[in-house]
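Chain lettering (A, B, C, D, E and F) follows the sequence in which the chains are written, and residue indices restart at 1 in each chain.
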Amino acid sequence: MSCQSVVVINPNSSRFVTRGIDDALEPVRLPGGPTIECRMLEEGPPGIQTQRDIEQVILPLCRLIADERSAAAFVIACFSDPGIHLARESTRRPVFGIAEAGVTTALNLGNNVGIISILPTAVRRHNRYFRSLGLDSRIAGDRPADLDVRDLVDKERTLKRMTETGRQLRDEDGADVLVLGCAGMARYRIELERVLEIPVIDPTQAAVGMAVAAVQLGYGGRSA
Amino acid sequence: MSCQSVVVINPNSSRFVTRGIDDALEPVRLPGGPTIECRMLEEGPPGIQTQRDIEQVILPLCRLIADERSAAAFVIACFSDPGIHLARESTRRPVFGIAEAGVTTALNLGNNVGIISILPTAVRRHNRYFRSLGLDSRIAGDRPADLDVRDLVDKERTLKRMTETGRQLRDEDGADVLVLGCAGMARYRIELERVLEIPVIDPTQAAVGMAVAAVQLGYGGRSA
Amino acid sequence: MSCQSVVVINPNSSRFVTRGIDDALEPVRLPGGPTIECRMLEEGPPGIQTQRDIEQVILPLCRLIADERSAAAFVIACFSDPGIHLARESTRRPVFGIAEAGVTTALNLGNNVGIISILPTAVRRHNRYFRSLGLDSRIAGDRPADLDVRDLVDKERTLKRMTETGRQLRDEDGADVLVLGCAGMARYRIELERVLEIPVIDPTQAAVGMAVAAVQLGYGGRSA
Amino acid sequence: MSCQSVVVINPNSSRFVTRGIDDALEPVRLPGGPTIECRMLEEGPPGIQTQRDIEQVILPLCRLIADERSAAAFVIACFSDPGIHLARESTRRPVFGIAEAGVTTALNLGNNVGIISILPTAVRRHNRYFRSLGLDSRIAGDRPADLDVRDLVDKERTLKRMTETGRQLRDEDGADVLVLGCAGMARYRIELERVLEIPVIDPTQAAVGMAVAAVQLGYGGRSA
Amino acid sequence: MSCQSVVVINPNSSRFVTRGIDDALEPVRLPGGPTIECRMLEEGPPGIQTQRDIEQVILPLCRLIADERSAAAFVIACFSDPGIHLARESTRRPVFGIAEAGVTTALNLGNNVGIISILPTAVRRHNRYFRSLGLDSRIAGDRPADLDVRDLVDKERTLKRMTETGRQLRDEDGADVLVLGCAGMARYRIELERVLEIPVIDPTQAAVGMAVAAVQLGYGGRSA
Amino acid sequence: MSCQSVVVINPNSSRFVTRGIDDALEPVRLPGGPTIECRMLEEGPPGIQTQRDIEQVILPLCRLIADERSAAAFVIACFSDPGIHLARESTRRPVFGIAEAGVTTALNLGNNVGIISILPTAVRRHNRYFRSLGLDSRIAGDRPADLDVRDLVDKERTLKRMTETGRQLRDEDGADVLVLGCAGMARYRIELERVLEIPVIDPTQAAVGMAVAAVQLGYGGRSA
């Protein structure tokens, strides 16, 4: 089993974000467990913000998945879960999307899920997606921190905005668990959890947690 | 981290079932990871079948949780998730119920979830619970294999009944992922998956997978 | 029929609350109708506020029900409906929970139901329960008056807080019928209804009304 | 209080049906309680089967309600709840519809409600209504016994068809409580309950039970 | 086909409103297409505001429909869709209600629908109706502009109130498409759309658009 | 207005299908109305059956939309509504998807919508989409006629299979309106409606009907 691997694909082409994802996965790496490897999509845009960004990465991302023979499971590390259905059609190995995995994990850690999104334009897309998953009744709120993905380099401002957004989700919307609505914000998770005093989920970590178990247990892949 | 542990509690007092659970968790045990320990509830009934069985185990089960200082996370290994809310009120450490964790994991591996229950009387209880979780729109069906928990020793008959039930869930109800609706059936998982050709989830394995990740990442516990 | 009785069980051990419940049932007592008797659970805590309080009363409460041969129907007089499913498993006679009966009665008297709860911690528990009943789409809001159950002796403060809470439910959440989210608040019902000008339901009165009719008509009990 | 009355209006002009309703209410009449009086709508059709029948009775029915000064509460005794919203706009006294009251009562006596309707054409109308009440998730099935309202005089055939229909609702749809989907079938209730072994609700009895309690407690009327 | 007609019925007796509706339909009239004729219900009240107004128009409105042999399809031009089910029972030709057609059209032009109602009392009626249609999850909000139907002659005040209401729906409730909740407000549509920068639907125009296509394509009528 | 056009894009590259769509739109073309032009996506596959087929057409399809300056509104003529969200992000002009438009139109012509799909693999995709639209409670059933898109040339077999499927949707699932779950089946619509005696919607015709009205009325486009 030790030779099996979970491949995590960041569908944008930011080395900064990819490295952040890679660092965030350190706690779930174990000797004897599946290896966890992060890939960056060279063809991807610097950040995934628009519907166009999403559609553009689907074909190369799924090609990467189909070609990646060594992986036992995949994680698509973008909170829009781009290409999740084609990916599942492309391989019999399990594929996890971080929005789906992040929210379904959060359901185990709280009653009402709050999403800290980056951009206001993402909220309607998320709403449609959560509705398609039949999970909308458990979403307490989805609020944008109103940050540009590229702003994430200013850590202080980012943390401040995310804390404010998380506090609104907790105090105004009644959320008792939060999910970070973006692949690249894991570094703020522990600090947010400490300040807001409710569980905070990084969706990539959650998805990789599921993928590791899926590899250990040898689940078959799902239908598209 | 290596000194942290996930404690899995079988709320019935069957050594056979407890040993079965313990064996089933072998694949998710890793050197360097959290230890995974199974406890049996000495005060529990031989099997949990009725609402009375459920209510009777809640207080001793939650006492065990409150007293278990060494655990970093808990799994309640009974598909009725007995005492889950009191357990979460009793500790700040994460507590996973296998029904909740099994179904939320299954949402990542299929569109429509089928539940293979043991007894017909459990189905209404499950329905109420899935509705309380807001997940009922994703449940394709819940069918009893009509086995007494104590019958599980007759492996051949058990496998046959479970296979028939799973086939009905797949072919008549449209399920494309199955969850075993009982803590003690993991030994049939791989064979069922092989025959039915859709993913089959053992809920205790799924919950322990989530608990391991929760310990690795240090999530705070949820509110009750 | 005149010899039949509805037994109302207050699962806490407060004589003050039990007497308040008993007094509140005077209007539904009629010569020739079923007698209505209130019992207090000696083993119960002084008030039921936490999940622990709920779980602790279930077994003695259901023992009391099973042993009470003379009753033709039962009402569990606590807004968390503790033990409702075990009670229904324990007897073939009808058992009414005051939350379920109060809200289903309210559906006949308004479009959007507002719940005046006592404590903030109850709201999430109620939400899960209303969702399990499939009634959440009719709940306009559930707001805590933020009173300790034992504070109910300060009538003026209690009425003031309940009136403010009811006004918020009516004016901000759009409720046009209110349910008192506690067994012991019937004495405020008429005054609240007068001031707020929308129907206000005391859930114990509502449940007893249903139980009286159930006894008169001889309904069989339900499955658990 | 003894001088107050519940007025039950049968919106069709069948004396046979009106007398049947009147007889069925005997068990809920008590000395010292509200009187229960049945009225027939002289202008009504012999039976209410079509949407036209429904619309035609609304204005005279609501005129009768507005003119009936002595009543403290009303019951509209037709399973389509004709004119319920206008009735509630026409008076501040509580008005109960038997479909609404029958189903909300049934929610307290079972998990999954089965409706025994008379005619196939009623089923879609019921579905729309249950959806408008937000109660559709609790309806296990609605099946027509396929009887003409006027056939109800052939008691043997009627009971046979209703029993078959009830058995299908119980065994194929999973209903564990039944509601008779018509005002005039109370005489079959007890026999159906005896044969099918699950609670069977006559909706007029259920509505009158609620109305009696509403009068005893003096609820204000609801908004339209 | 050119001899076929869509008959639009304004169920109130206001010539001003009828003329407004007629004018608003100019853009969908085409040479060679179905003619579009507006009728006023002579028996109707000056405006339809209460439940009584609604019920009173149903029978004459449906008589008009049954008697109107030349029409190939009908539109009921009142946002309460009065008599829609009887109308569909009365004719095999398609009948469109403007609330139903307006909202279902809006679903194609936005994610979250906002309704600009006239009177506060209409909101609960709309809610019940949208729930009966199974469309409530797509309604972002329904807010009254708090105008008397007869005030609509003061165009400046009307536009101002509607703009304010639409802005609240967009900014506070998240609506990204608006529906005018009244038959007679089409003249404000374009200005509202210009100022608020999201699509604004006049429901009568939407229903007539659907009716024209229905006539062109020769759809059979629906069951009641 | 006469110079404005609705552009209908068939995202597959079958001339046969494109011609069929074009022919089917004859009834909605009118002198003086918007012109209706059909385009074929040269880059598209011969038929759209898999998730891969869907994803592959999105970018060229949306490029075609962005480049098509003369169109006033667009229809995407494939029942998976490929690229609908990117199309709406790409232009401020209205874009209609035939699944969305077909089903929302059907809601006006029946209570319970049945979908005649082509392939079994489409059903889960449709379910997810209807759930994302919040319309799943109105879908009575979605059954595959089990035809290969390329089989559509065998008209007799196609009609036979579609009739059988429609009959099952009507008689077993309770559908009272049908939607053809494919862009190229309009030629069977009238015959199906005649045999099954319930309205049958061709989704492309329905979407074009909406688009024509949108152009006539000048709706602004929606947000993505």
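One rule holds in what follows: a residue touches a chain if its C-beta (ideal position, glycine included) is under 8 Å from a C-beta of that chain, and two chains touch if they have at least 3 such contacts.
Since the structure is predicted, the reported quantities are computational estimates derived from the model, not experimental observations.
Shared contact partners of subunit B and subunit D, listed by label: C, F.
Between the contact lists of subunit A and subunit F, the overlap consists of B, E.
Chain centres here are means of the Cα atoms, and by that rule the chain farthest away from subunit E is B.
Look at where the CA atoms of subunit C average out and do the same for subunit D: the two points lie 25 Å apart.
Centre-to-centre separation of subunit B and subunit E, using mean CA positions: 52 Å.
Mean C-alpha position of subunit B lies 33 Å from that of subunit C. Of all residues in subunit B, those touching 2 or more other chains are 111, 124, 128, 131, 133-134, 137, 176, 223, listed in ascending order. The full set of touching chain pairs reads A-B, A-C, A-E, A-F, B-C, B-D, B-F, C-D, C-E, D-E, D-F, E-F.
By the touch rule above, subunit B contacts subunit F in their complex via residues 111-112, 137, 174, 176. Residues 50-52, 54-56, 58-59, 62, 83, 85-86, 88-90, 121, 124-125, 128-129, 131-134, 223-224 of subunit E are the ones touching subunit D in the complex.
Contact residues of subunit A toward subunit E in the complex are 123-124, 127-128, 131, 136.
Contacts from subunit F toward subunit E in the complex involve residues 1, 27-28, 30-33, 94, 96-97, 100-101, 104-105, 107-111, 133-135, 137-138, 176-177, 190, 193, 197-199, 201-202, 205-206, 208-210, 212-214, 216-223.
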